[in-house]
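Input: structures, listed below.
There are two complexes below, and they share subunit A, which is joined by subunit B in the first and by subunit C in the second.
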Partner chain A sequence: MKRVMVIAAVAVLGLAMAQGRTVHLLWSGAVTGPTSDVGGPYGAGIEDYCKHANEQRLIPNITLNCTVRDDQYQNPNTQRIFEEALDRAKPAMYLGYSTGAMLQLKPLINEVKMPTLPASAHIGLIDPPNNQYMFLPVSSYSEQVVALMEYINRTDKNARIALVVNPSPFGRAVVDHARRAAQRLGQTIVDVREVGGGNLDNTALLRALDAAGAAYIIHQNVAGPVSNILKDAQRLGLNRKIRQMGAVYTGGSDLIRLAGDAAEGFLWASSYFTLDENTPGINLQKQLAQRYNRSADTLNSTNYTAGMLAAAIAVETMRRAAQRFNGRVDNETVYQALIGMNGPNAFRPGFAVSTKAGIEIDFTRTEQTGAEGLRVLEARGGKFVPVTDPFTSALFRQVRNP
Partner chain B sequence: MIDFVQNLISGIAVGCIYALAALGFVLVYKSSRVINFSNGQFIAIGAFLAYALAVWAKLPVLLAALLGMLLTAGLGFLVERVFLRKMVGQPIISVIMVTIGLASVLDGLMYLTPFGSGNFTFPQFLPQGGLNLGGISISYPQLLAIGFTALFLVLFGWFFQRSVLGVSMRAVADDQMASMSVGVSVQRVFALAWAVAGLTAAAAGIVVGTVSGLNQDGLIAIGLAVFPAVILGGLDSVPGAVVGGIIIGILQSFSTAYLDGVLSQAGLVGGGSQYVMPFVVLLVMLWFKPHGLFGTEEIERV
Partner chain C sequence: MRNPWAQTGNYRTSYVQDTTIFANYREIVSLVLFLVALCTLPLFLERSQVLVLNFILIYAIAVLGLNITTGYAGLISVGQAAFMGVGAYTVALAAPDLPFWLTIPLGGITAAIIGFIVGIPSLRVKHLYLALATLAFQEIFVWVVGRSPALAQGAAIPVEMRNFLGLEIGFRNHNYFWYYIILLVLVLMVIAWRNLLRGKYGRALIAVRDNDRAADAMGMDPGRTKLMAFALGAFYGGVAGGLLAYMQRAVVVEEFTLGRSVALLAMAIVGGLGTVVGSLLGPAFIEFLRLYMERLSEWMKASAFVQNITPAGVDVASALLPLSFGLVIVLFLIFEPRGLFNWWRLLRSYFRTWPFKY
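On to the complex of A and B.
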């Protein structure tokens, strides 16, 4: 009997060792509630990439336990979910979501030294204080908006621009940087307006901006409110007079679906490749969407790509941490691996465009933005096509901390 | 001048959408003195039912809209039978709490469907663009909203003034015990009120979906955005809901056109006064005329 017990114990131990350890990765975001049109596909991207990572054993001897939680865009929920995760099975990395919740959690994240990749690209998240463990997967909203202003400046000097932003920290994040950039470029910000969801009619807004002489509107919002403004501009005939454009969450397939023809000509700043491009990341996205039975809407969503990119960075960082620290994967080793992801060790998953130096994703201790390259894309014939090569905004670096 | 008229017309169009959404709210209050906090959920459910019938069952959009409205009316009827009938005679606050719970339950159920997250659009059934008369533009979905509101206003006007059932509803709203003593079926009146509230909520949801696409949170938010309209018009007045909705719509349009620019110039980023003004009006109204413009002022003898 004793012999059987010993053999069984050895077998269980052997099996456990063969299977390796379990490492936890947490994401909490708006699967339901406000902005769930972004959060739903984003969470799906994370979930699918995690399944793929486990199936392909991307981190040798380690099983990834990806927890995807719905915080309903409620900061208290996010806080509770994060604290619960710290108490129960401390994740090696945290993939966050909303600007508000991330700003609220920033001191705690710093205190517990948790490497964090939020979906929000609010520049304030990587600005001091308490910014050491925050890393943006792609260029910030502010950089995207400044890049659009530089794009305008290529053909139209002294342009008159209106900013239409979401009434939240997410929307307001870009205003100061845009003002400073306009000053340097000789442009005029004629007005800054806040527009949220439920904007059933935008006639007054558009006529006011037209009266103020705005030739361009730059949006920092989600697709819903922007699509309503585009449709009203088309109805009023202002689409021929005012060119509209926006940062990463304004555009993509959602905008095309919601605004239809009215989206034609809309300019969109994004770091992500589109579904029409043949890159390793996008090809993987298509395979995974098919394998895990995702809908066409999810597959077409840039937010699905964004979720996959965040998960891919996390998985690759954990793989490197395991390799470098003898299988030890925790928040400390993951942080070291993340800030070492640069130079020859930069990461190229093929979800985002590269900079001129050929770098897709890189981080250092002080440079906390992953994909620094971005492109301007234009809605043509019902899809977004790039109209610029990838570039980084030199001006943004000047206006970020004047 | 054209700008002024355009802003006025746009405000009226948006106001009609608020009015549609407010009608169901007022009907339930008018008959049962219950403030229905699940009005927004009924708006969303009605719109999604119509969408599902149009896209999944491939029905013509107008037929899908009609069926969606009828199904939501059926849901209203069911909700009254299952949850609210047992509450007859209970304190009003208990009934209100039931509607808050109901809102949570309906929210949760919607989250379990594909409509829980994402944006959806009805298949195109109205011409694109809008009507343009002398430089004044109005979109076809907005015209639909005005048409629906006018239709419901006429129908309800007739119903409450001329039909036996409508007069019964007013009687029940006035005094449940007295109504019962003369043979009015209070339960039947309540069920009807909830069914009609479901119908108008669905109409509002379909119009909002046509204007700005379907998104669960956006649709539910419209249900709450009508509070200032019903307080302004009077909680128990059908014409009041319409007038209140239109006033709020115009107020929002004018604040965007004339106030936001000034606020922005003054350094207040974005203005955003269209979100605040309805609630300023609500506060002022509660202060000076708590029963609203057309609401019934109740006098209680001690």
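On to the complex of A and C.
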């Protein structure tokens, strides 16, 4: 009898092992509440890529349990969701979201050694202290803004530039770096204004910037406030006088949808490929959106691409961790796999542009930015088209830690 | 002599009796039992559940303060989150040099000084106009923090405490450690609250709220009373903010915006304005409502049935939380303006007078 029971137990155990283990991946972000126009598609991208990873068995012998939680852009909710996950089913990797919550969670993330890929590209996340386990999927907001300033400098030396930023740490992150870059480039920052949602009339703002002699406005914001400013600039006839541009969350299909033809000519710094490009990542995005019945708005959103890229990095890192550490996939092995994702082991999912060295996504222990290449795109005929080749801002590296 | 264990009504016949902290022994025993229950509660909870309790207790301290300013003195304040922020930033700046048992009172004192200043308009304006003055302070606070490099322009300032009297404080025991600290602070603050309000200063608050001219005619100083109410309310807010800073390991301005002030006011209304029990029930109710609505919302999103019966483009699940939050406040204002405290009072009366109806 005893023997039968032992055999049965071994058989059950063997069956369970053959079925594979479950590894947890957590994302919490603003599916509702402020910035949900970004968080909704971003979360959908993660959800869909996870389903795809399980269906295609991208991590052999491992089932991915992807938890997508709505924190409503409330920091206490983010903290609770993260700690709940640590208590119940410790994730091997955490995909975060907002700047404030991520900055607040940095000490805890460092303490529990959780590799984290936030949606926010605030440079403070990967600056010391407590930055060891933070990794940005794409170049930081600061780098995007400095890259735009370098782009301006290609054709217009000594340009006069105004910064219009979100009234939050997310918006203000870029100001110091932009000032330092302007100094080196011989440009002048004529004004820095903070504009949030609900900016229904921007006449005073635009008139003031015009009076200050601003030839360019660089936005660090989300698409909503930027679209209102673009529409007002068109109404006032200032769109021909002042060139407007912005970092990653300002542009994309959301801006075109909200601003209509007022978006024409808007310049956008982004690391992501557009939906019109034929790359493996974008093709997969189209397939998955169709397979999982996503709306056209979701499919067209760059934030859907961004969510997929974050999930793709997580899945690939887990796959490599499983391969390298005999099936052991946890936060420690995933961290090792992530910092080993460079050189010949760089990752090329086809969601973001590559640098001149042909590298799309790479990380090291000290270089915590994934896609370092970016392009400037211009809104033309209702869509964004690239006007530069992919490049990396050399100046940003000089002004980051002067 | 009446049986002090089975008193069925308010038989206080003298000023001395009326100023007692506890009406009868039963209140003392039930309080002790309640505290024992609160002390043992974390033993049965997960770390993240203790985190939820910590938030509730911190908000309870802030709501106690709001109940002095708004509940007792009748001065509408929509700046309580900013007072919390003053306390939190004071703690963040002082924490590298001072122990937490000094930084937290320091946060409270700083907030009280700011509260005193913010209260000055209350000498001239009342009701909605005063609410607007406090709203202005709330906005000014966020604006000032956003433009102060010393305060990281609203980005995170780490507030870490790794060791207390040789006890290592880390991820595993952080929430438990702060639970007991917050609970201790809450008990002390409640005792101080009761002690203050049973005396002449507390009565002056009520008198000024009900009719400041009459109070003035009776020898009270309405101006000083109002400023005291603001300073005290802000002190409670500052202490709550300081505790929040330690509990969250960092201070970020997003925690102290108008939305949080409105939520604290909602907690005070739902709990029952001007009551200790309401100050505990309100935050607990709102936080649990948030938790359960979040779960319901997630279930609705995952349910094919719910998705099929809702019209395309209408995201009921996402709207559930703000809808329920607003609805609860409106329903309480209409049907139970005395808040959950009144239910608590009725429940106690029922058991006290059992088997009789009244």
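To be clear about the criterion, the second predicted complex is superposed on the first by the 387 of 402 C-alpha atoms of A that agree within 3 Å, B and C clash if a C-alpha of one lies under 4 Å from a C-alpha of the other, contacts with A are read in each partner's own complex, and residues count from 1 in each chain.
Heads up, the rule we're going with is that a residue touches a chain if its C-beta (ideal position, glycine included) is under 8 Å from a C-beta of that chain, and two chains touch if they have at least 3 such contacts.
Here the structure is a predicted model, which is why all the values come from computation and not from measurement.
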Combined model on subunit A where subunit B meets subunit C, clash or fit: clash
Partner chain in contact with A:212 - subunit B first, subunit C second, else both or neither: first
Partner chain in contact with A:111 - subunit B first, subunit C second, else both or neither: second
Contacts of A:31 with subunit B and subunit C, given as first, second, both or neither: both
Contacts of A:276 with subunit B and subunit C, given as first, second, both or neither: neither
First (subunit B), second (subunit C), both or neither touched by A:201: first
Which of subunit B and subunit C A:69 touches, first, second, both or neither: second
Touching partner for A:168 - first (subunit B), second (subunit C), both, neither: second
First (subunit B), second (subunit C), both or neither touched by A:79: second
Shared contact residues on subunit A - subunit B and subunit C: 31-32, 36, 167, 172, 194
Partner subunit B, residues of subunit A touching it in the complex: 30-34, 36-37, 39-40, 165, 167, 172, 175, 191-194, 196-201, 203-205, 207-208, 211-212, 223-224, 227-228, 231-232, 234-236, 254, 257-258, 260-261, 295, 297
Complex interface listing, subunit A residues touching subunit C: 31-32, 36, 69-70, 72, 75-77, 79-80, 83-84, 86-88, 99-101, 103-108, 111-112, 122, 124, 129-130, 167-169, 172-173, 194
Subunit C - residues contacting subunit A, complex: 46-48, 51-52, 55, 146, 152-156, 158, 160, 170-171, 175, 248-250, 252-255, 290, 294, 297-298, 318-319, 321-322
Touch list for subunit B against partner subunit A, complex: 3, 6-7, 10-11, 13-14, 17, 111, 114, 116-119, 121, 124, 128-130, 137, 139, 142, 208, 211-213, 215-218, 221-222, 225, 253-254, 256-257, 260-261, 264, 269-272, 275
